[in-house]
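Read through the structure below, which is laid out as structure tokens, and then see the notes.
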Amino acid sequence: MVTAPEVSGFVPPTHTPMVALRVPEPLADREPAPETLEHAFELHGLSAWYGTSQALRNISFDIPKHRVTAVIGPSGCGKSTLIRCLNRMNDLIPGFRAEGHVTYHGEDIFAATTDAVLLRRHIGMVFQKPNPFPKSVFDNVAFGPRINGYAGDLRALVEESLRRAALWDEVKDKLSASGLALSGGQQQRLCIARALAVEPDVLLMDEPCSALDPIATYRIEELITDLAHDYSIVIVTHNMQQASRVSDLTAFLLAGEERTGELVEFGPTRDLFTTPKDQRTEAYITGRFG
Amino acid sequence: MSVTAADRALWRPRVEQRRRTGRGFVVLCYAATALGLLALLVLIGDTLVKGAPYLSWDFLTSYPSRFAERSGVLAALVGTFYVGLIVIVVAFPLGIATAVWLEEYAAPGAVKSILQTNIGNLAGVPSIIYGMLGLAVFVRALGLQRSLLAGGLTIAILVLPIVIINSQEALRAVPSGLRHASYALGATRWETVRHHVLPAAMPGILTGTILALSRAIGEAAPIILISSIAFIAFLPESLLDSFTILPIQIFIWVSKPQEAFHAIAASAIIVLLALLLAMNAVAIVLRDRARRGTRW
Amino acid sequence: MISVADTRVASARRPPRPARSLARRRTTDRTVTALLLLATAASVLTTFGIVLVLIFETFEFLRVVPLTDFIFGTEWTPLFDPKRFGVLPLVSGTLLVAGIAALLAMPLGLVIGVFLSEYAGARTRSIVKPFLEILAGVPTVVFGYFALTFVTPNLIRPLIPGTDVFNAAAAGIVVGLMVLPLVATISEDAMAAVPRSLREGAYALGSTDLEVALRVVVPAALSGIAASFILAISRAVGETMAVAIAAGSTPVLTLDPFRSVQTMTGYIAQVSLGDTPQQSIEFRTIFAVGMTLFLMTLALNVASQVIVRRYRNVYQ
């Protein structure tokens, strides 16, 4: 359950080059052993192009279920491209091409038999800038279930989704108010509720806090930790402290001169941040570049 | 959260059905667009077919007559030309000057927004109302009678809002950095506008003025109120003479019951459309030429 | 080492300070500003002119004809005896033609707008947009000619044999074609202004293209689309030449589109073309009708501006 932060005891996260590692409590007792976990996604040699320029090269790693996996790296390294491949949102960009395999629950998502529309229902996405529809709060959350033909109790589903997104208490009396009338942090939680309403099992989050103030950020980070019990979460972030606070595993991407992103290192967050295996990883997390 | 089999049954995405509806809509889109395109093609085609046989040099150089075979558009063409000239001389300087004042001089505030709204509303006033204004002010009050000058001035006032709005857009498109650079060198506002902003906005302004001129040439409603639609079988020799214009001539011939006049109306339409086509082609050429001269 | 002698020579070689030139530049600047302001006055004078003329002439008209007769009367026969001055037949003719035009242009224009905004690629757009511009640029007399000589004999009469030569339907159809580009381009602009992120949010929930277009983009752009509809009606109401040629000159209060009617603009044209003496009450009627027309189109234009201003979505 997410509670509001106590203002007196709250210390906003600082952006210092030296990593102040703070392992969140709920994850401390988990044994991050990726080899023994079931996988939400398995990436084999994923490469991607926008027209003639290559954005990703040969990305291979496995994203486990019911964990938070962070994707970090300097800007332009292809993090967003990577997660947008996972729910085939890049299909919307003309000139985009992907090669390699990404397996979701055993199925290749790039196969011709895979329906992207159906896939996207099971893989939810939250964007960098909150993008609620100019509809009421209720209609925002109900949009996904309605188009996917939900035949159950819609009101209950909307309430459940808003509860899971830690927004119910704040909007329960104004469900018919416009989604745009909420604050930035509330809008982002509304977008999370909207994504949860279609009952996905994966949640992709593309820098979900970068447009929010520190307090809203903190609440969403708590929410992410909570959601990981029920969903598999992949979060892209340029904020290393956030990655270290929130994630179980981290993938570090880096782009060379050709601006093509490659996977440098992937492993349990604690290990990657305290004893990185690659010197480029160490250089990034100690702030020597990025 | 585990999704049980019962939960899964609650979801009926019916993707294939939704996709099919989507494809149907795309067909509807193409049909709608094709319908519009077809309507335009039929309009032009029908006019060409009916009017082309009567197009001849004689047609272009004769006056209207009681006999359709002997009628021509000379008076109308000349009248259209003179009206266009008056519009250029009157509406363009006034319109561009207004646009310059609104964009470069006016401080944002109540005055500017009232003026702006006023111009927007004027652009939406039916053209026949402008005819009433012209009748009361130019024909009667200023004593110009039903003359070429009265008609030209009325049309000029009609297209003035269009010239203003188009010129404003062209001025707005000029990057403010250009103005700042000029001011930083100590230029006055007029010097900045005259030497930097106006030349930069010229392509857009030119295109806009040709658009306004096209509109002016095709307008007939105000002239119905201004001109005496009597038989104009002569050329206006002074600004105070009676006159006729191409759209009015077309209107007169279409309104006659005889089929023969409908046919030459079609020929006159071809002449009018050709004139508009030529003007727009000139506009495009001018715009490209001017554009090549300015590089940011 | 600079000596005093050096500086004196140096100042002699320096160009004279342009003090007088600066003053002249300032005067030029002020003069130009005044001239520009004067030019701007033209647009203000136009509005005053229109309003004053209409008010004055309508006032003179209302001194002879009671306002209630004018507004509520159902017969319009100012040129024949017994003279009746009820404007409703003209208004109904106008609304009938405008209504048919709207019925054609609104759905067609909206679909074309959705198509251009959400579906069409660059090549398709490069064909469709110029065609819309051409359609918008054809002079209205041409549409009138088309209505009378093509639409009525070839499209309407074969379907509805009893149709009059002049009828509201033909006029309505061509006026609809005339305002179609207006609806399409303004709707398209409104939809293009909807941020891309909204569409992505909908796709990410598993929407198809159609659902994104119709359930997210169109509702988000609704104020602009509504404004385009209202502007189209306003244009249709104010249209003169096409209706003067094709709709007829029989003022009658009717909903039947297949018979001859007369619109407000058609009546004004008819009287102007005739030889009614200018100072007579019969001639004054055109100003009273003109005032009605002006108020209607003004109300519609203002309504469209208000709708856009109040209901346009502001995205953070």
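The first chain written gets the first letter, and so on, giving A, B and C; residue counts start at 1 in each chain.
Keep in mind that, in the parts below, a contact is a pair of C-beta atoms (placed from the backbone, for glycine too) under 8 Å apart; a residue touches a chain by one contact, two chains touch by 3 or more.
Everything numeric in this text was worked out from a predicted model, so none of it was measured.
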item: Centrality ranking, top chain (CA atoms only); value: C
item: Comparison of A-B and B-C (more C-beta pairs in contact); value: B-C
item: Distance-maximising chain from chain B - centres being C-alpha averages; value: A
item: Length of the line joining the C-alpha centres of chain A and chain C, rounded to whole Å; value: 49
item: Interchain centroid distance [CA atoms averaged], chain B/chain C, Å; value: 12
item: Chain A and chain B: spacing of chain centres that average the CA atoms, whole Å; value: 53
item: Sequence positions of chain C contacting 2 or more other chains; value: 206, 208, 211
item: For chain A, residues contacting two or more additional chains; value: 117-118, 121, 147-148
item: Set of chain B residues in contact with two or more other chains; value: 13, 15, 18-19
item: Touching residues on chain A, where the partner in the complex is chain C; value: 87, 89, 92, 117-121, 124-125, 127, 129-135, 143-144, 147-148, 180, 184, 187, 191, 194-195, 198
item: Touching residues on chain B, where the partner in the complex is chain A; value: 1, 3, 7, 10-15, 18-19
item: For the chain C and chain A complex, residues of the former touching the latter; value: 195, 197-198, 200-208, 211, 215-216, 219-220, 313-316
item: List of chain A residues in touch with chain B within their complex; value: 115, 117-118, 121, 147-152, 199, 201, 230-231
item: Residue numbers on chain B that touch chain C, as the complex places them; value: 13, 15, 18-19, 21-22, 25-26, 28-30, 32-33, 35-37, 39-40, 42-43, 46-47, 50, 93-94, 97-98, 100-102, 105, 115, 117-122, 124-133, 136-137, 157, 160-161, 164, 188-191, 214-215, 217-221, 224-225, 229, 247, 250-251, 254-255, 262, 265-266, 269, 272-273, 276, 280
